[in-house]
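Notes for the one structure printed next.
By letter and in written order, the chains are A, B, C, D and E; residue numbering begins at 1 in each of them.
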Amino acid sequence: MEERILEVRDVVKRFGGLVAVDHVSMDVYRGEVLGLIGPNGAGKTTLFNVITGIYKPEEGTVRFKGMDITGLPPHQVAKLGIARTFQLVRPLKNFTVLENVVVGALQKSPNLGDAVEKSLEILELVGLYEKRNVASGSLTLVEKKRLEVARALALEPELLLLDEVAAGLRPKEVDALVDMLREINKRGITMIMVEHVMRAVMNLSHRIVVLHHGRKIAEGTPQEVANNPQVIEAYLGTGVE
Amino acid sequence: LLRQRGGGEVTEIKVGVILPLSGKLAETGADLRDGIEFAVDQINSQGGVKACGGVPITVVWGDSAGKPETGASEAERLITQEKVVALVGAYQSAVTKTASEVAERYHVPFVNPDSTSPALTQRGYKWFFRVTPHDAMFAAQQVEFVNWLNQKFGNQIKTVAIIHEDSEWGSKVAEAWQQAFTQAGYQVVKVVKYHAATVTSLDSEVAALKAANPDLLLVAAYVQDAILLVRTMKAQNFAPKAVLAQDAGFITPSYKEQVGADGWYIFSREVFNWDLLEKISRLKEVNDAYKAKYGKDLNGNSARDYTGMWVLYYALEEACKKAKPSDLDAFRSALRDALANLNIPGDKLIMPWRGVKFDANGQNTLGQGIVVQMMEDGKYYTVYPEEFATKEPVFPMPPWTERGG
Amino acid sequence: MAELLKVENIEVFYGEFQALYGVSFHVDEGEIVALLGANGAGKTTTLKTISGLLRPRSGRILYEGRDITHTPPHKRVEAGIAHVPEGRGIFPWLTVMENLKAAAYVKRARERFEETLEFVFSLFPILKERRDQQAGTLSGGEQQMLAIARALILRPRLLMLDEPSLGLAPKLAYNVIMLTKQLRDEGYTILLVEQNVRLSLKVADRAYVLETGRIVKEGSSAELERDPMIRAAYLGM
Amino acid sequence: MRTGWSEIARQALSLPVLVAAFLLVVTPFGLYLADLPFIANMMFLSLMYAIAAMAWNLLMGYTGQLSIGHAVFFGVGAYTTMILVVYYDVTPWIGMFVAGAVAALVGLGLGVPFFRLRSHWFTLATIAAGEIFKLVFNNWEYVGSSAGLQMKIVPEGKALYYLQYAASYVYIYVALLVLAIELVVLYRIVTSREGFYLQAIREDELAAKTLGINTFKYKMMAMGISAFFTGMAGALYAVRYHFVEPAAVFDVITVSTYIAVAGIIGGIYHFAGPIIGSFIFLPAAEYVRVTIVARFPRLFGLHVFVLGVVLLVVSLFAPDGILGWMEKRGYIRRRRVIEV
Amino acid sequence: MVSEIDVISAIINGILVGSIYSLVAMGLALIWGVMDVINFAHGDYMMLGGFIAYALYLAGLDPLVAVPVAFGAIFLTGVATQRLVINPVLEAPLVSQIAATFALLLMIRYGAEAAFGPYTRLVKVSYAETIHLGGITIFVPQLIGFVFSIFVALLLYLFLTRTYVGIALQATSQNREAAQLLGINVKRMYDLAFGIGVGIAAIAGVLLTTFYPLFPEEGGFFTLLAFIIVVLGGFGSVFGSYIGGLIIGVVETVSALFITPSLKDVVAFIIFIVMIMVRPTGLFGKKE
């Protein structure tokens, strides 16, 4: 568990006068699930965008498996083994669910038969097997989110970035999702999870990093973070599960 | 198809005519068609092709739509399917190029009454005959005209500027002008070329011409740009001593109707003009009959195609003496020879020409243009050559500020 | 209490696929009614049908006693129905302020725009701070706030919220749901779809449970909170 | 995932394809015997447009990039063939393929700036490119400026080398040959992994990017191939008419737009759509022109107006073209890349 | 060779001509922005405006009287077009939208040609005079056109940014469904956008007719220029389109001084290509 798969160092991302990510550094170790939480507008999605190459940071570096990937274009980042889901889902609408996943799978298994086989397996894992031949445009939001996860998995990533995949789920569904993600994690995929649904983050994360106004304000085990008064004040509040 | 009557005699002689009957030039195409149709009517009513036993000429129409590829395919259809003895057409030089190429391959005579690109008769074709003068011939004649003006009015023209649109027509005209005027000792001080299809303003173009301050401005323009040019010249108060245009835009009915007083005193080279009626005796008669039938006067286009058809008729009469139309190949070949040897005197034509006689390249060497000038009644009058002139030229052009209108 | 909204037996299709099978329920004036149901049950479909984005193949929708089944969406808004759609639907290239102004297009909203604006900004101070930022560049949660704010600008009689806490930080999510109570007290009627069932039952007066396009249960919040099936399926116990 | 040759052979030997091929091969000879050059010319033009429209559709139907600037490639192909034969005495048999290659290079050159743009913007850029090329060729002395270039007539013994035949039937076979090559190449592409990626790009480019697809590379690939075959279609024009001029081969309406319209009418989401579209649209347009000009010679724009009406009806009532309409009716089925 | 005065003169003339391009482009930008539809027939509505001016001119009126008349008539035509042609294809893929507006182009342009004949017309206004200012010449109708165009542009700008309807129009352009949920009658917004868009083009047509020959096919080039201008000015920016039009006007007249004028459009196109390379969002654009 000591290998650092991702090292974020002093990353700064500004939008005009606004500093969306403000000198954030963090490490992700191979095999762990890292929770990334923080109030709305804290800079979580922006940090994901920096890691995956959609934004270029003004300052700082991102290293993946020791290699500097700062500013690489998104498709190359994906090739190296970092996959992500979008907070706002973007399925390939006229493609079937299966086809959506196969697009990703082909990256690693150029043979169509293999790619399909692998995709079906993934669909089973995320619970979309039944819907494999449905056009992805007609899925419900939650299903689309699962499809996002499935597509990301198809890339056989070493590091998976999840942006609010539990949003909109009922507790039971959250639990099912957590089980699913844990299963994925067990297969050796490291994850960073941005999530507001505490039931998911707290259950799944090994460690949690908290952002606020673009800065890192806390880091630790779920327990430590949940009891951190600053985090409670800024983020958790009282009264919610 | 030469329809067989009993024992191998024909009942008609089929001629294929390719014109832009649809597309951008359809308006012109209609004029051309009327000229041809009228000529054929006259020929047939005076007894058809007598040497072939008085059979009538029938026209099979082909529409080029103004496109070279359609022109070529129409040529092939008329030759192989309709089995015409000869082709006539096709107005636009580009269409004439492809259509006559097909004719050349099939060994079918091609009579071209109306395309003026010099290149057409530089291809070494054996079956191609152009009745109208081409742009280089016009240019030479325009130099003569300017020389004549200089003689008459005391050497006022020394420098020349050219403005032309950039299609094949305008570019070739400009090329010929540049060559002819330079050779004759004039100084070409500026050449401006613009794209007619997209021109929305000629302000800079006219400014550049004005800066060059030429004595004579030569213009090759289509109708919208011709109007725009005159307007802009007036707006910028640019008045060279003379403006000499190369027909086209400057002689269209739209231009004449719309430009009004701003068009006065502008010269244009023409192939034909209404006042020739007074000078060419045959013409008045023909024009009266034509007007009775079509409700309009002949113009440069209809008159040339009318003439082209007659030229073909004279050749047919000769050919019939050498071969039978029922033997198509032999007849076409005889027709070609007849065209090559043709010599029609000027008084048999309605055009202001000295006659029709083709050189080895198939170019009529006896054709010529005329120069007209718009006078204060808004009409064009012939001013050159002198034998056809009905008015004295006004020269130099009065400045814009000193005109009524 | 007067019946503000009555949905009678609506059947809704997406092409060949039937999403709602004869759904009926009602919302009385001044109530908070929660619509519960698993993923894909048809909650969003129901709200969209009420706001007119979808047309039922059969059945009727009555609002203030009038049949509005065939009324176009914008007329329903004029009549006082506001719908905060799932997935936000903000205008990405307009600024925050322009987004709010766009909501003041209907007369009922325009008349009290300034006043409502104050109120909305007091609820979501971050929006005031970001009033000139392009809405599309707001964070996920900020966009959600903007969407709710916009619906409030409309000064509706019936406010329909589709998963308003989606993507909001826990603290803010709590506040937003609690807000519905405050709104109810000011005279709004609210139809709430919310994944946080525990919290929604806390604020709602009554609730309906949808399952695969059919209403399978209804009752007061207190009753449903005690219902073992609800406890298992929706409260995670 | 590349389609094997045996699979292609199997597809090629399926009954409808065989029947169509047989008809295509026999018809020109029949037309020759029946002496119907007009119809033969229609057939040639339909084939030429089919080749261009198939190529265009690799970008449109498969990659989602709408070009209304394919006249650029058509014109460049036509000119390349012509320049080679007129100035360098190179046989059009070779010239045609060089034409494709040069057009492909031009396509790649344009792709670099244009693929920074999406949807409408890309379309507009292609239209602009068409205009630029026309203007530049119009002013370029070497290629004859606006007068264009015409091939000299060669002695009959050299007909095969210079592809100069009086009878136009011959050219139909040349076009058929090019079409056959194109069909094989395109079929292999669209049923391959690359073809699948192209369709992913069509659906959502950003999503495709994050799935690890180098969208720029694949769009460039589609552009290159599309330009190649459009260039060959242009080469066929030069070969058939022995003449090129900017006004004819770079025309926005009769080249760029006709290619697109043929594709749209046939159905852009079907492999064979553009062929069907070309064989319907061109003859129909020609028929309308000929009949209307005969009936109403003085109403100059009428036949184009009628074409407009037809196009409007298609886009309103059969927006997915003829094959799309048939699919909706259940007469045919679109072949999905993956079916499990 | 080229004197300073020529350049200044060219710039002024470029601005005057460009202001007409600007109007055409603004209308296009509005339609494009709100409905996400490119109107290929845009220049042809402009041409119709010109014919309305010509008709009034024949009736003995000043063609400028046609400004409100043409706007009104073409606005209504636009609304009708929107309902019958555009609305049915709004949800359709890009290609059927383009096919539909292209069909409109063919119908309007060649319908006009069939109805009025392909001939060129010219309007003669009493104020067709030239002002000379130290070597610079300004044609009065062009100057009037320029003033009108500024006026129209200003009105449109205020309408879009200062009125609730204007903001509703912009909102509709970005999210149809959400706009409906705010009580905005989306269909009416489309009617307005298309009507105003082509109406403004018609005004441009009227102004143009006071100094430029009128013929049925004149719209084609203006549509093309409008495309370039909208890209140059930046998507969704009506203001940008206005400036873009002036820039293209100046580029054309000035480049005609320095290179062969038949290539001046190439310069405009090259600027367009360079623009999309360095700044795909245009000068004032927000959206790609």
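To be clear about the criterion, a contact is a pair of C-beta atoms (placed from the backbone, for glycine too) under 8 Å apart; a residue touches a chain by one contact, two chains touch by 3 or more.
All figures in this text were calculated on a predicted structure; none of them were measured in a lab.
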Chains touching both chain C and chain D: A, E
Chain pair whose interface holds the most contacting C-beta pairs: D-E
Chain A-chain D separation of Cα centroids, rounded to whole Å: 45
Chain B and chain E: spacing of chain centres that average the CA atoms, whole Å: 39
Between chain B and chain C, centroid-to-centroid distance (C-alpha), Å: 78
For chain D, residues that touch 2 or more chains besides their own: 135, 138-139, 300, 303
All pairs of touching chains, each written as two labels joined by a dash: A-C, A-D, B-D, B-E, C-E, D-E
Interfacial residue positions of chain E with respect to chain C in the complex: 164-165, 167-168, 170-171, 174-175, 177-186, 236, 286-287
Chain C residues within the chain E interface of the complex: 51-53, 72-74, 77-78, 82-85, 89-94, 98-99, 101-106, 109-110, 134, 150-151, 154
Contact footprint of chain B on chain D as seen in their complex: 35-38, 41, 45, 135, 138-139, 145-148, 150, 152-153, 164, 166-168, 237, 240-243, 245, 247-248, 254, 289-290, 292-293, 297-298, 300, 303
Footprint of chain D on chain B - complex, ascending: 21-22, 26-27, 30, 63, 65, 67-69, 72-74, 76-77, 80-81, 93-94, 97-98, 101-102, 104-106, 117, 119, 123, 125, 166-168, 170-172, 193, 195
Interface residues, chain B side, partner chain E - complex: 24, 26-27, 165-166, 192-195, 197-198, 200-201, 203-205, 207-208, 211, 223-224, 227-228, 231, 234-237, 252-255, 258-260
